[in-house]
Amino acid sequence: MFSQMLQAGLYDFFFVFIFFLVAIGLSVVMVVLNSLIGPNYRGKRRGETYESGVAPIRTAWIQFGASYYLFALIFLAFDVDVLYLFPVLLTYQKGTAYIELVELFIFLFIISLAIVYAWRKGVFEWR
Amino acid sequence: MEIKKSPYCEPTIGMDGAPAVLGFAPVQDLLNLARVNSLWPITFGIACCAIEMMAAGMARFDLDRFGTIFRASPRQSDVMVVAGTISKKLVPTIKTLYEQMPGPKWVMAMGNCAISGGPFAYDGQYAIVNGTDKIIPVDIYIPGCPPRPEAFIQGLLKLQTLISKGTIDANRRAEKAAGRAKK
Amino acid sequence: MLTEGQKKLLEELKNNLAKSVPEAKISQSDYVLTGYHLEFSSSKVGMRRVAKEMRSRRFNLETVTAVDFIDSFEIVYLYFNYNQDNIRVMVRIRVPKDEPPFTVSAVYSEAIWLEREVYDFFGIQFKEHPDLRRILNPDDADYFPLLKNFGKTTITGEIDDMLC
Amino acid sequence: MTMKTIDDININERLYQLNLGPQHPSTHGVLHFLLTLDGEVVVKAEMLIGYTHRGHEKMAENRIYEQFYPNSARMDYLSGMIFNTGYCEAVEKLCGIEVPKRARYIRVITSELNRVASHLLGVMDFVMGIGAYTPFLYGWDDREIILDLLETITGSRLTYNYSRFGGVRVDIDQTFCDSARRFIDRMRERFKLYNDLITGNIIFIKRTVGVGVISKDVALDYGVTGPTLRGSGVNYDVRKSEPYSSYEDFNFEIPTKEEGDCMARYLVRLAEIEQSLRIIEQAMNNLPDGPIRADVPCFITPPAGDCYHSFESARGAVGYYIVSDGTRIPYRLKVRAPSFSNLFVMSKIIPGHFVADLVAIFGSIDVTVPEIDR
């Protein structure tokens, strides 16, 4: 399987795969190590949600206003295009130095137009 | 003077907690170097001592030199500095905050009110609790009303030595006391 | 000492208050010694009429407090007029222990909290108060601390030999 | 502690109750806001206080007059000197003690220095509540100079015990006056820095202009005093309306603003720092020499009767109401705390604002919690 990947020119994505492996490994190690080396105190109120020192009155699982979702969608706009930046990462050193950088900024500019549109539509005024 | 166990090997009194799985002394002593230089107190200022704690955090006395950053939530803090008078209405809050702090954790009672009720402790007092150690176990007591920022920093350094060389100092003091008792 | 405007306002206040609460004793007191210009004292009733009168003259309700004279309470209202000529009026209402007074929170909304504090310290149940609860002491407290028979009242004996 | 459910608004699914509780970075001290939120908008705000109630008034009934000195400065520790001198002036009024002129001038100087220090912290705490952390460091930089200045004569930084019945404890000398003058000049240049750093900041303007407007009627209805009231256009200052401790000798204005929003209260406080500096300068220029304390017996026994003394702290009109029954122990001592009434006005003006605006409004009203709880 490894050799076909090489011929199919997917060799570059091998590094991305290592990158993800290291990321996942690091977080797992941190969580496991933390619970091993530190003493754990299980006080009565340890599990409860922290609400500035007082027992919370009701759970937070209630109907939310629609405005909260709009803010989340705005975040998504930039979050998705990070995915498209990966191919730029791989083909970076082949062309001359500036071509990819300029293309990158044009791409980001087009994405941020979505934010400007949302702003004009009045998403940020809280209703 | 009984030999005081180092805090992270024994669960603090009144807390059902387990000591560290990797609780051997060399591992913990190594980790203590990290814990000592990043003691994050919870911003829990109650009364006048809170202003002196703020003064200690500001540019002139600058707590950042010791890696001390004031965190707002107990989830991210190691030290609870009880700075001010503990009234009876505040006791459940202090207990909740203390229990919601992850281990290893320490408590600094700052100011006479937190140590023993201070200027408000007299036998007709109905409103306050005379001292933090009646509610939660306390490691460092900082006298003063309010203690000067330098006194707060000295308390912090004393806590740091307690953590890093806690057992060694305690044992040495115990042997000296035993030696004097024999003479 | 007393400016022209203050004298005029004092006279006006005197007969207005006398008209609205006939059974009250109104006397002018020496501001330098006591801190207030006019003293209005009555028993059991009159606090709401005085409050309406004061509110119509844009007086500011400074504080509501009570003093526990063993057999009865004395509720003290202090009004101050900070607009033009400054006059402070001290209103004392002598209330027997078992008969609660009326609230003035309908006229001055600040009185909601001030009267809650008086209830918290003395146990005086103000009638028609929107939400009379404890404000400073813990909610499950069963004591009224500022009563004279609560806890240790005077320790004169120890102070004398301790200090002199 | 039993939790309070709402009485008049029935809890439908949309309203959420949040505790902006005792331990929160934005409630300067332990103050508990019980908020009913509809999304981000506050529908009802209820303040639960009493978390630092220490029973000052009950203690006053167990102690002779002299033993209440330390308590007086620990109620509002940010303007501790003002409370301390206020308590002494209240008892002096009760006993009719005449304070020598030099002592009155020293009291004015130290009280105004303490007012500048308290305003600096109040303003910078308000600005930090909105999110600007750097001005807090600059404000503390100036405040530390005042604390050192006052420490040279009083020995303590925060909870002063400097005034005695009949005068003050320690005399001020030439070095104190010189360093105070140096501080005044330095403080005058700092205004330009604060204006650039805060007042000119577009975020600060957007967050404070038009937020938390207190109208004159609401202020009268809720007994608001102090800079909060002066921000709504009423020029009531106890130092001008009932001059005590020879305030009538100094000429200074009372800064007021008409809008009554957070920015107005902020600008009023900055202008008050400027006025306090003027008062300190005038007081030091014509400081009379003479005794610093009237000859008062070691333990005073005031005549039976009662008296009310009002004075201006950094937060509003404070009042000591003392009932004495002729013995050495006060029969009743009531302290009128301005923060108590200033805080209650928030339950009237908060509904309709965002939660973030609540922090801005609360900071602009500048409240000290142990003074509310006494």
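Chains here go by letter, A, B, C and D, matching the order in which they are written, and residues are numbered from 1 within each.
By definition in this document, a residue touches a chain if its C-beta (ideal position, glycine included) is under 8 Å from a C-beta of that chain, and two chains touch if they have at least 3 such contacts.
Predicted, not measured: the structure shown is a model, and the values here were computed from it.
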| item | value |
| --- | --- |
| Between A-B and B-D, the pair with more C-beta contacts | B-D |
| Chain centre separation in whole Å, for chain C relative to chain A (CA means) | 62 |
| Chain centre separation in whole Å, for chain D relative to chain B (CA means) | 31 |
| Computed distance of Cα centres, chain B from chain A, in Å | 38 |
| CA centroid of chain B to CA centroid of chain C, Å | 45 |
| Touching two or more other chains - residue numbers and ranges from chain C | 137-138, 145, 151-153 |
| Multi-chain contact sites of chain B, meaning residues that touch two or more partners | 74, 89, 92-93, 97, 122, 124, 126-127 |
| Per-residue overlap in chain A, given as positions that touch at least 2 other chains | 53-55 |
| Pairs of chains found to touch, sorted by chain label | A-B, A-D, B-C, B-D, C-D |
| Contact footprint of chain B on chain C as seen in their complex | 137-138, 141, 143, 145, 150-153 |
| Chain B residues touching chain C - in the complex, by the definition given at the top | 88-89, 122-124, 126-127 |
| Contact set on chain C toward chain D in their complex | 32-36, 58, 60-63, 65, 67-68, 76, 78, 80, 82-83, 86, 88, 90, 108-110, 112-114, 117, 121, 131, 134-140, 145-146, 151-156, 159, 163-164 |
| Touching residues on chain A, where the partner in the complex is chain D | 51-58, 60, 62-65, 67-68, 126 |
| Parts of chain D lying in touch with chain A, wherever the complex brings them together | 1, 3, 13-14, 16-24, 32, 38-41, 354 |
